[in-house]
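Chain nomenclature is as follows: A, B, C and D, assigned in order of appearance, with residue numbering initiated at 1 for each chain independently.
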Amino acid sequence: MTPFLTRIVRIEWGQCDPAGIVYAPRFLDICGESTILLFEAAGLPKKRDMLGQLHVAGFPMVDLSARFLSPCTYGDDVSVETAAPVFGNSSFTIDHRIVLDGRTCVECTEKRVWTVPAPDRPGGLRSARVPDAVRILFA
Amino acid sequence: MTPFLTRIVRIEWGQCDPAGIVYAPRFLDICGESTILLFEAAGLPKKRDMLGQLHVAGFPMVDLSARFLSPCTYGDDVSVETAAPVFGNSSFTIDHRIVLDGRTCVECTEKRVWTVPAPDRPGGLRSARVPDAVRILFA
Amino acid sequence: MTPFLTRIVRIEWGQCDPAGIVYAPRFLDICGESTILLFEAAGLPKKRDMLGQLHVAGFPMVDLSARFLSPCTYGDDVSVETAAPVFGNSSFTIDHRIVLDGRTCVECTEKRVWTVPAPDRPGGLRSARVPDAVRILFA
Amino acid sequence: MTPFLTRIVRIEWGQCDPAGIVYAPRFLDICGESTILLFEAAGLPKKRDMLGQLHVAGFPMVDLSARFLSPCTYGDDVSVETAAPVFGNSSFTIDHRIVLDGRTCVECTEKRVWTVPAPDRPGGLRSARVPDAVRILFA
């Protein structure tokens, strides 16, 4: 995996459980935020401005898989590495890796769907082909 | 304090920190949810249906105070007691108490504001007097 | 999937994101708590009492996969169905299904490892074969 | 208030609620983490190393108050400003302020207690006078 975005994240006390290690779902919060930052790093507007400027309503998760290889604890400064999306038609997958001192602690793959407002239902969404203007940013 | 709503909540592993006790902000999640359930218990529609049926957009928190008197841990089945709101004009306060085996563990007071859509700004909110139809439910 | 444990969970406002639906990692909090309750429902002591009574230190997650088929929103009372564990030697997998009005919204499979205190390292853990006394509870 | 520690925090999608703004308890997660970083910034070891090096078991929250003056949303890069602790004997208070574009959004005051292992009860804690070696770091 070649990271497109790498960021350092401090593991917080409030993300850890009574065993003293990160509660597994909190790792998925961290990966999900990296997905948002990935699009921003590629040059797209902030997610909150995407609907107005890009006509995209969001990219809900449809599939998730993760492997937890080594624990992390509060005070760890982990490296969160995120690869460029691999685009299907309306879906895309994103690989994340959380690394501490050169050791991979978590591997996570998200599959998400590009959605736009559905014209026929107020508040409704439908999937749509990821625009070429987005694909090209990661090419 | 006379409870208007009492519910039993199981403290979860994922709500506890490396000290093995509830991470303090999680208690405020529990109280905040009791506020929502309080209105529902009084006979109002579910919060998600309030905008359509009651013209209320929400009741954001403006002030919070809490005392943490005794810790709770995962597996505890605590009693969350919530008093009827004390109404001002557009604001109201709600008292919560979290009790375990007759011992008060947390006392929390929320102050919130009744808000409705602002007619002049799309997506905007403004505070509004709490309707008499709501006040009477707790009288 | 035949559920061994079914519980009704109210989806909370604080578990939902700006799209108005459950933020995906929160579903995994719900499933993880069901895993804990599953062992308790089978007759084992509460998780916090397991170390003393069963010599088990925990069962950390090593692998997770989930499919998000249909969204849930705050106020939904979902049914969380959890199957009996499928035991390997020291690992086991648990299937969860979150259902709303007969429609499956989430499918999740957790793989966890049975761990006990490592005698040679204070605070250390090692994996161990799941005891027959535990297996028999789900047979 | 004179900040002793200031850090920039990106507000995450997963910290915001269906109203599109930060769910109030999440602000308290942010402040609580700043308290931990405050001690580290003052020159103390990481919290996880404190028990071994400083004989301190933790500093649980006993009292919390917060005012929510202006909302924040995902994508906001807020400034979290934290003042030096004000020490009593075994307790101390810490003021936090969350600022966006020069506007104070949240004011929060935490009261915590310095605790050490209780010699007579395994796993037990008791409050203790904050050591002079800690006080002097903020003088």
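Going forward, contacts are C-beta pairs under 8 Å (C-beta built on N, C-alpha and C of every residue); 3 or more make two chains touch, one makes a residue touch a chain.
All of these numbers come straight from a predicted model, not from anything done at the bench.
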Quiz item: Between subunit D and subunit C, is it the same set of residue numbers doing the touching on each side, over half shared, or a different set?
Solution: same
Quiz item: Using each chain's Cα centroid, which is most distant from the centroid of subunit D?
Solution: C
Quiz prompt | Centre-of-Cα separation between subunit C and subunit A, whole angstrom | solution = 24
Quiz prompt | subunit C and subunit D: spacing of chain centres that average the CA atoms, whole Å | solution = 32
Quiz item: How far is the middle of subunit A from the middle of subunit D, if each middle is the mean of its Cα atoms, in Å?
Solution: 28
Quiz item: For subunit D, what residues touch not just one other chain but two or more?
Solution: 13-14, 18-20, 23, 25, 29, 32, 73-74
Self-check item: subunit D residues within the subunit C interface of the complex
Solution: 13-14, 16-20, 23, 25, 73-74
Quiz prompt | Footprint of subunit B on subunit D - complex, ascending | solution = 18-19, 21, 23-26, 28-29, 32, 57-58, 60-69, 71
Quiz item: Can you list the residues on subunit B that touch subunit C in the complex?
Solution: 10, 12-14, 20, 29, 32-33, 36-37, 46-49, 73-75
